[in-house]
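I've put the structures underneath this note.
Look at the two complexes coming up: subunit A is in both, with subunit B in one and subunit C in the other.
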Partner chain A sequence: MLDILSRYDILGAFWMTIQLALWSAIGALVLGTILAVMRVSPVAVLQKLGALYVNVTRNTPLTLILVFCVLGAFYILQWRLAPASAPLSTHTFLWAIFGLSAYHAAFVCEALRSGVNTVPVGQAEAARAIGLTFTQSLSQVILPQAFRGAIAPLGSVLIALIKNTTVAAIIGVKEAAAIMRVIIENETGSLIVFFIFALGFVILTLPVGVGFTELSRRLAVKR
Partner chain B sequence: MSAQAVLFDAPGPKARLRHRILTILGLIAALGLIGWFLWQLNETNQLEPNLWSPFLRAETWTQYLLPGLVNTLQAAVVSILFAMAFGLVFGMGRLSQVLPLRWVCGVIVEFFRSVPVLLMMIFTFFFMARNLGMPGAAASFWAVVTGLTLYNGSVIAELVRSGVHQLPKGQGEAGLAIGLTPGQTLRSIQLPQALTAMLPALMSQLVVVLKDSALGTAITYPELIASGRQLGSRFGNVVAAYIVIGLIFVLLNWLLTIAAGRLERFINRRGHTAATARTGASTLVEGGAGPGEFGANVADVVEEEVTDRVEAWQDRHHRE
Partner chain C sequence: MFTKKMIAIAASAGLALSMAACSQDAGTPAADGGGAGDKITIGIKYDQPGLGLKEGDTYTGLDVEVAKYVAKELGYEEGDIEWKESPSAQRETLIETDQVDLIFATYSITDSRKERVSFAGPYFIAGQGLLVRADDNSITGQDTLGGKKLCSVTGSTPAQKIADQYPDVELQEFGTYSECLPALLNGTIDAITTDDTILAGYAAQEQYAGKLKLAGEPFTTENYGVGLKKGDTELCEKVNAAITKMVDEGAWQSAIDETLGAADYVAGPGNPPTPAACS
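Take a look at the complex of A and B:
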């Protein structure tokens, strides 16, 4: 078993998983924040556009989004995220990050919005009653509470994102699930191989879950 | 609580002007994006009528899209049924009085919740096809079902547990007070109420199952995306096929979400359970669909329904 495993770059595959998760998390956070701002803005059109994006993206399978990114956008529409001379693996890697970011941005948006929704209206009313201006009440009273309320849901989005990076295997990114498939196909379908890779994901997601729960507990707003 | 009411004052003349400018800018940006996408499709000849006309023909649907959709639904429905059984067993295990049992069930549930579904599907597929010698088609179906069952079953187990914890404490105490054992209290008092309150969440879990069944395409299960690929290679319209399939998924899941919302209101109105029914299953899983989302929608719909009922009532009285 050990000599089979030593012939494959399992750590490299998990490094690819981590890279995918990290860049996609940043992309999803940026896009998701923009969407959340649109959805909580007082402008009806921006609210509707944000809601449309979230509802369409959330109800589409991630598999379809990634397959469309590579077969549709990359091969047929010829959209390039890297110079055309770059190797195919660079292109699929970048498109995987794009697709993962676009998909999870919808969930980040909802997590942030649910944070705003945890703030009772009395907080805003009290802030205005003691004479704070709009900017002051936003920056001193409402947003600090809203961000704390959004920590726990953001944590579960990040965990879902780490697990969903495996879908990139379908479009040919050489991350953990793809390497596991190669090992099982070529060598052995033993349960040990599965457990090694499963353990890898438990190791990646467990600290995130514990960390975010601890953070949200420590920063929880006492009401 | 709507976000706008917390964050903003009633707009004055300046703010209204600013809102109008933002409205126009938003519309321009959205239309620009759509227009650019269509222009790009046109540039690469993806808007040719002969690429889209297959969707008007019956055999495109009967040979490709509908069989794919049926396979997707089949895998999803079988999985959610198995997942419910799995979730009930392990959810009860996590509520058991026996510490080792509680602990083992907890480890199993947490494990399957943190392992990617695709990983489980790939392993089960090759295990069934090679080590058990199952035919490829059967192996791919059961691999999809196994992966979806283990993951969603674990999520449902958590729902069962939190559903029981969410019940008012008096329910369990009353059961013990009239002389039932803890097990009897769980089975005949707490679980029936928790399960009733869970139904809408179970329905929104079906959305997750339906989306994840698309992963079966990686292990040759002939679901909707796979049939889209076949359709695309037959007519050379991959882009069109994927757009149509995306619309099918969005429509299906959107209907399910609405149905879950209605079920939630129905259960809360009937009052068969001491708990409050919630649709927010996907909060736990995919991180999304926070209570705020459904809360806001539900408030709108409830208001609509109340108006409808009042009008119906007035109608009746006028006639009498």
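Take a look at the complex of A and C:
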């Protein structure tokens, strides 16, 4: 049964999983930071918009978001993230990254907001007292400390994201879960197949967990 | 304090055990005893129009019709049948763990599956087909697929065949065929490909009447068998006899006309099949 490993490109599939996770993590971090800034900003409209986005996105199943991205946005509305001449796999890959980023941005935003809450109010007051504007105090004083306080929850979001990439199989991205479906179809499902893929994900996520715990310990702001 | 904890642990363990026992009871096969009064558990698809579809309490489709006929020949009335959903990836496990007695779920007979279960039948020979828009005449069969966009289900055998043997075809894979349909209807996908029976089932649905058609001849052979416990030749032979009788009586043909006929579906070459010897 272990000859499965040689007959199917499992490593290639996990490489696709890593690529999906990496790009989506970057996308989610950027979008999530913007959302967090909106939610802690003094402008009521931005606060409400940020809250609306977070509440809608994180309460929508990821499956639905990804199917909407590819079936709704790409096929029905024909919105493209790449030139029309690009192969189909490029389109679905980009939409998968878009969907995963959009979904996890809501969780990144909330993780960052919890980080902001670790920064004592005195820091913000002091920043304003020495004449920094809102933007300056946010980017120079609050956010750097907030990121350091939010590292542990951000690690959890990243681990969840890595595992959630498997949902992209249902829109045709050739990552680990898609290859697993091929193997189950051809070889019948068995515990060994399950363990191979479970092990693959443990290998991916365990170092992330250890690394982020170590980072959060080292970078924590000593008060 | 310690004893209290131990009691709690013992109680929860007991609860878990009794739950496990319950689920085993529910799955006890009726096949060994047989005969009227007992129940028979039959695995079917719940989401495949024309083959196995659950709508409320009613089950329709070709697999369901054949299953009912075979069950009757085995001595079970329609009321004695307990239907159980059998998604493709779980079929072998459902049989091996005695959760079902028979499986009629577009279950193609393959060598790797034979290592874990036995098959009666085949009761139908399907083949990979193409479903296109009714007004699209550019696809007439497997040789006219160059540069086209096809849609199928992630990891399925038809999807693998397209990816392996037709490199100039662009393949979109979704979780289910239902997601392919809107893209096919609005023209962004050119064809859906899988077993012609499944395609005919979709084409026969009311909301797609006149909008879709099957193009060309089937270009693979899928032998739909009845999955059962490995090595149970006695049951296998009974099922085979029932299938043969169903074909001879004409009930087989009328079941096809009833379930897939609305799409002008004609059973492909090789039908009606002769059940293979049990082993």
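Criterion: the second predicted complex is superposed on the first by the 196 of 223 C-alpha atoms of A that agree within 3 Å, B and C clash if a C-alpha of one lies under 4 Å from a C-alpha of the other, contacts with A are read in each partner's own complex, and residues count from 1 in each chain.
We adopt the following convention: contacts are C-beta pairs under 8 Å (C-beta built on N, C-alpha and C of every residue); 3 or more make two chains touch, one makes a residue touch a chain.
The structure displayed is predicted, hence computed values, not measured ones.
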So if we stack both complexes on subunit A, do subunit B and subunit C clash, or do they fit?
-> clash
What is the contact status of A:I76 with respect to subunit B (first) and subunit C (second): first, second, both, or neither?
-> both
In the overlay, answer first, second, both or neither for which of subunit B and subunit C A:V119 touches.
-> first
Tell me which partner A:V45 touches in the superposition: subunit B (first), subunit C (second), both or neither.
-> first
Residue contacts on subunit A - larger count, subunit B or subunit C = B
Is A:L132 in contact with subunit B, with subunit C, with both, or with neither (first, second, both, neither)?
-> neither
After lining up the shared chain so the two structures overlap, which partner does A:N55 touch, if you call subunit B first and subunit C second: first, second, both or neither?
-> first
Could you say whether A:V67 touches subunit B, subunit C, both of them, or neither, answering first, second, both or neither?
-> both
Check the residue A:E185 against both partner chains and state whether it touches subunit B (first), subunit C (second), both, or neither.
-> both
Please indicate which partner A:L22 is in contact with in the superposed arrangement: first for subunit B, second for subunit C, both, or neither.
-> neither
Determine, under the contact definition given at the top, whether A:T166 touches first (subunit B), second (subunit C), both, or neither.
-> first
Of the listed stretches 94-102, 130-138, 148-156 or 166-174, mark the one in subunit C with C-alpha atoms clashing against subunit B.
-> 94-102
Identify the overlap between the subunit B-contacting and the subunit C-contacting residues of subunit A.
-> 63, 67, 71, 76, 78, 169-170, 180-181, 184-185, 189
Listed in rising order, the residues of subunit C that touch subunit A in the complex are 88-90, 92-93, 112-113, 115-116, 149, 154-157, 160, 170-175, 179, 182-183, 186, 188-189
Which of the residues in subunit B end up touching subunit A in this complex?
-> 1, 3-9, 11, 15, 19, 22-23, 26-27, 30, 40-41, 44, 46, 111, 114-120, 122-123, 126-127, 130-131, 207, 210-212, 214-215, 217-218, 225, 229, 232, 238-239, 242, 245-246, 249-250, 252-254, 257, 283-293, 295
Which of the residues in subunit A end up touching subunit B in this complex?
-> 38-46, 49, 54-56, 58-64, 67-68, 71-72, 76-79, 104, 106-108, 110-111, 113-114, 116-117, 119-121, 123-124, 128, 134, 138, 142, 153-154, 156-160, 163-164, 166-167, 169-170, 176-177, 180-181, 184-185, 189, 191, 193-194, 197-198, 201-202, 205-206, 209
Per the touch rule, the subunit A residues reaching subunit C in their complex are 63, 67, 70-71, 75-76, 78, 87-88, 92, 169-172, 178-182, 184-189
